[in-house]
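The two complexes that follow have chain A in common; it is paired with chain B in the first and with chain C in the second.
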Partner chain A sequence: MIDTSVPVQQNLPRAGGHRFLATIKPPRVALNVLLLVVALLWLMPTITLAIISLRPESLYQVSGWWKILTAPSQFTFSNYSQLFSQGLAAGGLLDSLVTSLEITVPATLLVTLLSSLAAYSIVFGRWRGRTAVFLGVVGLMVVPVQVALLPVVQLYRAFGSLTGFNPYGTIEGVVIFHVAFGLPFGIFLMRNFYVGIPLDLVEAARIDGAGEVKLFRRLIVPLGMPAVASLLIFQFIWVWNDLLVALVFLGGYPHTPLTLFLYGQTRALGENYWIISTGGMISIIVPLIVFFSFQRYFVRGMLAGAVK
Partner chain B sequence: MAPISLEQVNKSYPNGFHAVHDFALDVAEGELMVLVGPSGCGKTTVLRMVAGLEDITSGTLTFGNRVVNDLSPRERDVAMVFQSYALYPHMTVAENIGFSLSLHKMPKAEIAAKVNEAAVILGLSEWLDRKPAQLSGGQRQRVAMGRAIVREPSVFLMDEPLSNLDAKLRVQMRAEVSRIQRRIGVATMYVTHDQVEAMTMGDRVAVMRTGRLQQVAPPQVLYDRPDNVFVAAFIGSPAMNLYRAELAEDAQTVRLGSQTLRITDEVRHSRPALVAYAGKRLVVGFRPEDLPAVDAEMPAADSQDLEGDVTLVEALGSDLLVHFTIDAARVQPEDVQEDAAGLESGELVVAGEGIARVDPRVEIQVGKRTRFRLSPSRLHFFDLESESAIW
Partner chain C sequence: MAILEAPSDQLADVVPAPRHRPWWRHTSSLLFLVPATIWLLAIVIYPVFATIRYSLFDETASHFVGLSNFKTLFTSDDLLVAFRNNIIWVVIFPFFVTFFGLVFAVLTERIGWATVFKTIIVMPIVFSTTASALVWAEIFTNSQPQIGAVNAFLETVSDWFNPPGLYPISSSAGQTVAGLASYGLHPGASNTLLSSSTVHPGGVVRLGMVGIVPTTLQTLGAEQAHLPNAASGVVSGVVWRDFSPTSSNLTTPQAGEDGLPDMRLALVSSAGAQLASTSTDAHGTFQFTGVQPGTYHVEVAASNFGSGFAGVNWLGSQSLTPTGGAGQTAQALFSVPLIDMSMIIAYLWIWAGFAMVILAAGLASIDRAVLEATRIDGATELQTFRRVTMPLLAPVLTVVFVTMVINVLKIFDIVINMAPGSSQQQANTLALSIYNDGFTSGIHTGLASAIAVVLFVLVVPAMLWNLKKLKASGY
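Moving on, here comes the complex of A and B:
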C-alpha cells in the first residue's frame, strides 16, 4: 500500500521535467541555418539558370555550371549583350519584353481596379441581388480557360464585323481576355477582404461627408492595400507567364510576348540554351521587381485600432 | 423650430419587423436628449434614422425648418460618435479629426488650426501624430469626440459612446462628454442603455420600449412621476418595488397581500383619478430608498409600516440593500398584461421580492421579520391593464 504511493510521488517531478524539455527552444542560430539551407535548395534552379546564362555557350556541354569560378574565369555577359544587341527589332528579346509588358501591365491594373470597384459595390452597396451576383462570380471561377478560347475568337470576329475592329490578333484582344478571366478571382478575393472592414468605418466616413468616390479612394483603397497587393502580384505573374492565350490570340501579330519568344527558340534551333537561359532570367526579373515593390503592403493588422 | 424634430416616425423592415412606432420627439437648441431603453427597444434605430444611415419608413424628420428625410448623411450636416469609435486605422489622430474638414475642401492651414483647437479641448495635443492602434480606450474615445466636434455640426449624435470603457473611466468621461456638449451647445441625441448615464447626462430623457416612446421628461421628473410601470421600473437602481394591490371601497386604504396601507387625503388630492379605482385592483409601487427600516424597539405603528421577511442583506458601504419578501404578487413590467388576465381566473398569490435601501447603522438580520416605514406620499399607483400611472 505504501509502495504504490512512492512511484506516484516520483512521477510528479518527471512530469514537470517533461514540460521543462518542451519549453527548450532550438538556438536561434540553428534555426537560421536550417532556413538558409531550405532557401538555398529552393533557389538552386534559379541560381543554376543564372549561371548558365552567365557562361559562354560553347562551355555548356563541355563542363558543369559549378566550374564558373575556376580560373580562368568563365564569367561573361556576352549572352546578354548578344540578346540586347538586336535592339527593338520585331521578334527579338527586347521587343518581346516590351510586348509582355504591354499585355501584362494593363491586364493587371484593370483587373485590380475593376475587382476592387465591383467588390466595393457588392459589399457596401445598397442594391438588391448583391449576394446573387457574388455567387455568380464565384461560379465563374471554375470555368476553364480552354473552353472559352474558341467562343471568344468567334465573339471577337462578330465584334469585328459589327464595329470594324476585330480584337483577334491584337494586344487589346489578349488584354480583354485576361481581364475577363482574372475578374472572378479578383472580385472573390477583394470581396472577402472588404467584408472584414467594419461597417461602422464606412458609415462614419459617410457621416463625415464622404461620397462614394471619396469613400472608395480615401478609406477602402488604403484599407484594402494588403488584398490589392496580393491580387496585383497573382494577376501579374499569371498573365506574365501565360503562353496559351497568347498562342491562340496573337496569331499573325508581328510582336510576341516573352513566353512565346522562349517557346519559339526551343522549336527553331533545339540547342540554343544560351538564349533560353538568358531570356528566362530576364523574364524572371520583372515579376520579382513587382513582388518586392508590393511586398511591404502584406503587413498584417492594418485594421487594428479601428473599432473597440 | 427645433433643431431636431421627429414626427410620427416609423421604421419597418422588409421582413415585417416594425422597429419604431409613431415616434415623436423634439430636441431643443443646445439640449442633450438621452434616448434610453433596454436592448432592442429601437433607440439606436431612431438615432441611425436621424443620422441618415437608415431609411425612414414613414413620418417626418426636420432639422430646423428643413425636411431631411431623403437627404444622405453627407447632406444632413450631422456628426456622430459610434459605440465602436470607428476611427480610421490608417490615419493619424490629426488626420482622423480633420478628415471631414478635408472632405469639405477646407484649406490645410485652417484644418490644422481647427484640429489643434479640438485637440486642446480634448487633451489630445500630444497624440496628434499617433495612429489609433497606439492609443488607449479613453484616448480613442476622445478622438471620436474630436472628429465630431471639429465640424461644428448642426446636430450631434452619440451611440453608446462610453459603453466600451471600463467603469471608472466611464464615470470620468461621462462628465467630460457633458462638459464638451455644453461647450459646443449643439442639439444632441445620446443613446444609451445605462440609466445612470441617462439620469446624469440628459437635460431630458426619452425612455423607449419595443419601438415605442414611453415618456420624455427631465431626469428628476422621470424619477418622481413615471408615466407608467415600465418607466417606473426602468429608472432607478435598484428598481422600484411593484406589487399587485387592491384599493378599498372607500379609497382610504390599499391592501397589499395581507397588509393594509393607509392612504392620506393628501395623496387622494394629488391623484384625483385614484378614487375611480375604489374596490379595484391596481399596481402599487415604492422605491427602495423610500423604505427606511424601523427600529425593532419602536412600537408597532399603524398602517404606515410595511412588514417583510428579510432574505438577504447587501452592504454597499453607504447603504444596505435589504432584500425582503411580502405576501403580495410582484409585478414585472413585461408581464403586467398577461397577469391581469390570470389574476381574475387563478387568484394566485406569489411571495413578492422587494428591496429596501437602508441606513447602514440600522441592524438588520437575515430571516427576521422587519418593519419598514412607508410614507403614503411616496406611493406610486398604476393601472393594472394599461400600466399607466394614475394621477
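Moving on, here comes the complex of A and C:
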C-alpha cells in the first residue's frame, strides 16, 4: 500500500504542469532560443526609442538607429541637455513633466481615498441595497470615457457660470474627470479585498465602541494596504498615460501633460523626432520606475481587475 | 445580497448592538459612500443620459431632430469607415492577443528565466499608448528603408535576392530606362539598352547616356571619358554621361564629360545570343577581346538600373482587399487598409503581456490532481491540454477576450498618434470620430453624441456579461 503511493508522488509534475509539448519533445534549447528571440523582439521598440533619443538630431533623417551599434561615437546626451536647458518654461518638456505630476498625484490619491471609503461602506455598512450599489458600480466599469466628454464640458461651463469657477481648461477639471472614471474600478478592487476581511473582526471592534471613522482608519486601512498599493499604481499609470481627457479638457491651458506634449510635437511642422523620442523616453521612465518598484502589486491589480 | 449580508445578520442576532449606541452610528457608514456617489452621478451617470439627449438634438443642442443624427451616422461614408475599422479591430485583435497570451503563458512554464521573460512582455502595458504609437510609427516608417526598421529589414532580404544596380532608376519619379539613352543607344528587351548600330571586331562603339545624377558619378569615382583606340579582333568603346552644358557635339565624349564606371555590358550576336560580358573602367571604356568576325550589338544590362527595394507604406491606407473599382460606400465598408494591420501589431505588443499574465494565473490555478489523473488514465500531454486544460481554462480565456473586445471598441490613442495625416481618415474609429466631430473644427454635438450612444450600446453586452459572471461567482 505504501509502495503504490510513492511512484505517483514521483510522477507529479514539477512547477508548471502543462507539459503538453513534451509529446513533441522539442529540444529545450530550441524553446529557449525561440523565447529569447521573442523577448528581444519585444524589447526592440523600447530600445529604438532609447537609442533615437541618444543619437544626434542631425543623423535622424540620414540613417537608422541601429547604426549606433557600429558607430558608438554617435552616442550623445545633447537631445536631453537641449530639452532640459529650456527649464520650466511653459510648453517645455520639464514643464510637461511637472504638469503630468500635478494631474496624476491628486487624481490617484483622491480615487484611492474615495474608493476605500465607498468600498468600506459597501462591505461593512449596515444599510440596505449594498449589493445593488456594488453591481451598479461594476456596471459603470465599462462605460467609455468618450460618452461623458461633451456633457461634462457643458456641466463645467454651467458650474462656471453659477459659481465663477469653470473647471474647463484647468488642472482641476482634468483631475475631477479622472477621479470619476477611476472610481468604479477602484471601488471594485477595494471591495473585493475588503470582503476577505473577517466580519467578526469589525463587529468585535464595533462592540468595543469603535466608531466608523475610527474603525476605517485604525483597522480597515492598515489591513487593506496591499489593495491600496495595487490601486495607487494602477490609477497612477492610467492617469499618467491619458491623452484624450487632457486633449479635451485642457484646451487653452498653457501647460500640457507629457502625452499632450508628445501629441503636439507630432502635429508640429518640421523634423522634430528628436524631441518626440527624448520626450517619449522621459514619459515612459516614470511609469517604468513605478512598475519595477511595485511589480508584484501591479500584477495583483491586473488579476483582481480581470478575474474575480 | 443575501450572501453578502448573511454573516452580519447572523452576528447581529447573536450579539445585538449595544443599546447606548446613538442612531447616527448605524448610518454613518452610509456617509462614506456620499463623495463617490456624487462624483459618479455627476461625471459618469448624468453624462450618459445627457449624451443620449444630445444625440436627438441638432449641432447646437437646441432643436430636437429625432433620429436624424443616427441616420447621418449610418449613411456617411466617413463614419462607415470608422465602423468598419472598429469591426476589423474587434474581429482580429482580441483573437490574436488571447492566442499570443496563451502561447506565452504555456511556454514560459517550461523555461528557467520565466520571470525575466514575463517582465519583458508585460513592460509595454505601463507605457502611454501615445509613446508606444510614436515608436511604432517610427518602426514602420513609410518608404524610407534607411530609417524604418521593418523596411530596413525587408530591404536587406530583398537586396539578397534582387540587388539594386549602381545606376538605379526611380520609377516613382517617372524615370524609365529608355529615357537614359542619349546617343548610339535604343531600348532593348526588358529594361536593357542596345547599341543602335551594329559593330564588327576592330570597331569602337560610343554609347552616350543622360539622366545620371552627378553625385552617383562622384561616389563611383568616375573620370574624364575618352575614346579607346581600335584594335583588331577587339570590340571596344565608351559609355559616358553625354551631358555637358557647354558642348554642341553630342556624338563623342567632350572635355568635362565623365565615363560611367562599372557599367555591366554584354556582347550580343545578331541572333540575340549573349556571347561575352564585361564592365567599364573609371573612364567608361570597355573592350571585348578575341571576337570572331561577324556583326554584333553591345547591350547595357538591365541589372545596372535595378532600383532595389522601395519600401512598403506600412502606415498608408492602401487596401488589402480588392476594392479599387468599387463605389465609394462599398470601399468604405469593405476596404482593409494596411495601416490597420500595422496598428494591430503595435497594439499586440502593448497588450500581449496582459493576456499572458491573466492566462498564466489561470493555468496555475488548475488543480494539479485533475491533470495527474488524466495522465495516469493514459492520456498524452497533448490530449490532456486539449481535453482538460483548455476547457478548464475557457472561463479565463473568455475574460481576456471580452476585456480586449471592450478595449478595442474604445480604441483611440493609437490611431490618433500612429496614423499619419494622410491615412488617418481611412484609419478612423468610432472613438476617434467622437473626438473629431465633437471637439475639433466644426463642432457637431449631435452627431458626436450619436456616435457616443452607439459606442455605449456596443459595450452594454460586455457590461451585462460582467454582471452575470459576478452573480454566478456569488459575488
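Here is the rule we use: the second predicted complex is superposed on the first by the 235 of 308 C-alpha atoms of A that agree within 3 Å, B and C clash if a C-alpha of one lies under 4 Å from a C-alpha of the other, contacts with A are read in each partner's own complex, and residues count from 1 in each chain.
Just so we're on the same page, a contact is a pair of C-beta atoms (placed from the backbone, for glycine too) under 8 Å apart; a residue touches a chain by one contact, two chains touch by 3 or more.
Keep in mind the model is a prediction, meaning the values are calculated, not measured.
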item: Touched partner set for A:V248, first chain B, second chain C, both or neither; value: second
item: Which partner reaches more residues of chain A (counting touched residues only), chain B or chain C; value: C
item: A:K214 touches, of chain B and chain C: first, second, both or neither?; value: first
item: First (chain B), second (chain C), both or neither touched by A:L231; value: neither
item: Partner chain(s) touched by A:V143 [first = chain B, second = chain C, both, neither]; value: second
item: First, second, both or neither for A:L223, with chain B first and chain C second; value: first
item: Which of chain B and chain C A:R206 touches, first, second, both or neither; value: both
item: Chain B and chain C contact sites that coincide on chain A, given as residue numbers; value: 200, 203, 206-207, 209, 211, 302-303, 306-308
item: Residues on chain B engaged by chain A in the complex (per definition of touch); value: 51-53, 72-74, 78-80, 82-90, 99-100, 103-104, 131-135, 140, 147, 151, 164
item: Contacting residues of chain A [partner chain B, same complex]; value: 198, 200-201, 203-211, 214, 218-219, 222-223, 301-308
item: Residue ranges of chain A touching chain C (in the complex, touch as defined); value: 8, 11-13, 15-24, 28, 31-32, 34-35, 38-39, 42-46, 48-49, 52, 60-66, 114-115, 117-118, 120-127, 129-135, 137-152, 154-155, 176-177, 179-181, 183-184, 187, 195, 199-200, 203, 206-207, 209, 211-213, 216, 237, 240-244, 247-248, 251, 258-259, 262-263, 266, 273, 276-277, 280, 283-284, 287-288, 290-291, 295, 298-299, 302-303, 306-308
item: Sites on chain C touched by chain A in the complex; value: 1, 4-5, 7-8, 11, 15, 17-18, 25-33, 35-37, 39-40, 42-48, 50-51, 54, 61, 104, 106-111, 116-117, 119-124, 126-132, 134-136, 138-139, 146-149, 152, 349, 354, 357-358, 361-363, 366, 368, 371-372, 375-376, 380-382, 384-386, 389, 396, 399-400, 403, 406, 409-410, 412-413, 416-417, 431, 434-435, 438-439, 445, 448-449, 452-453, 455-456, 459, 462-463, 466-467, 469-471, 473, 475
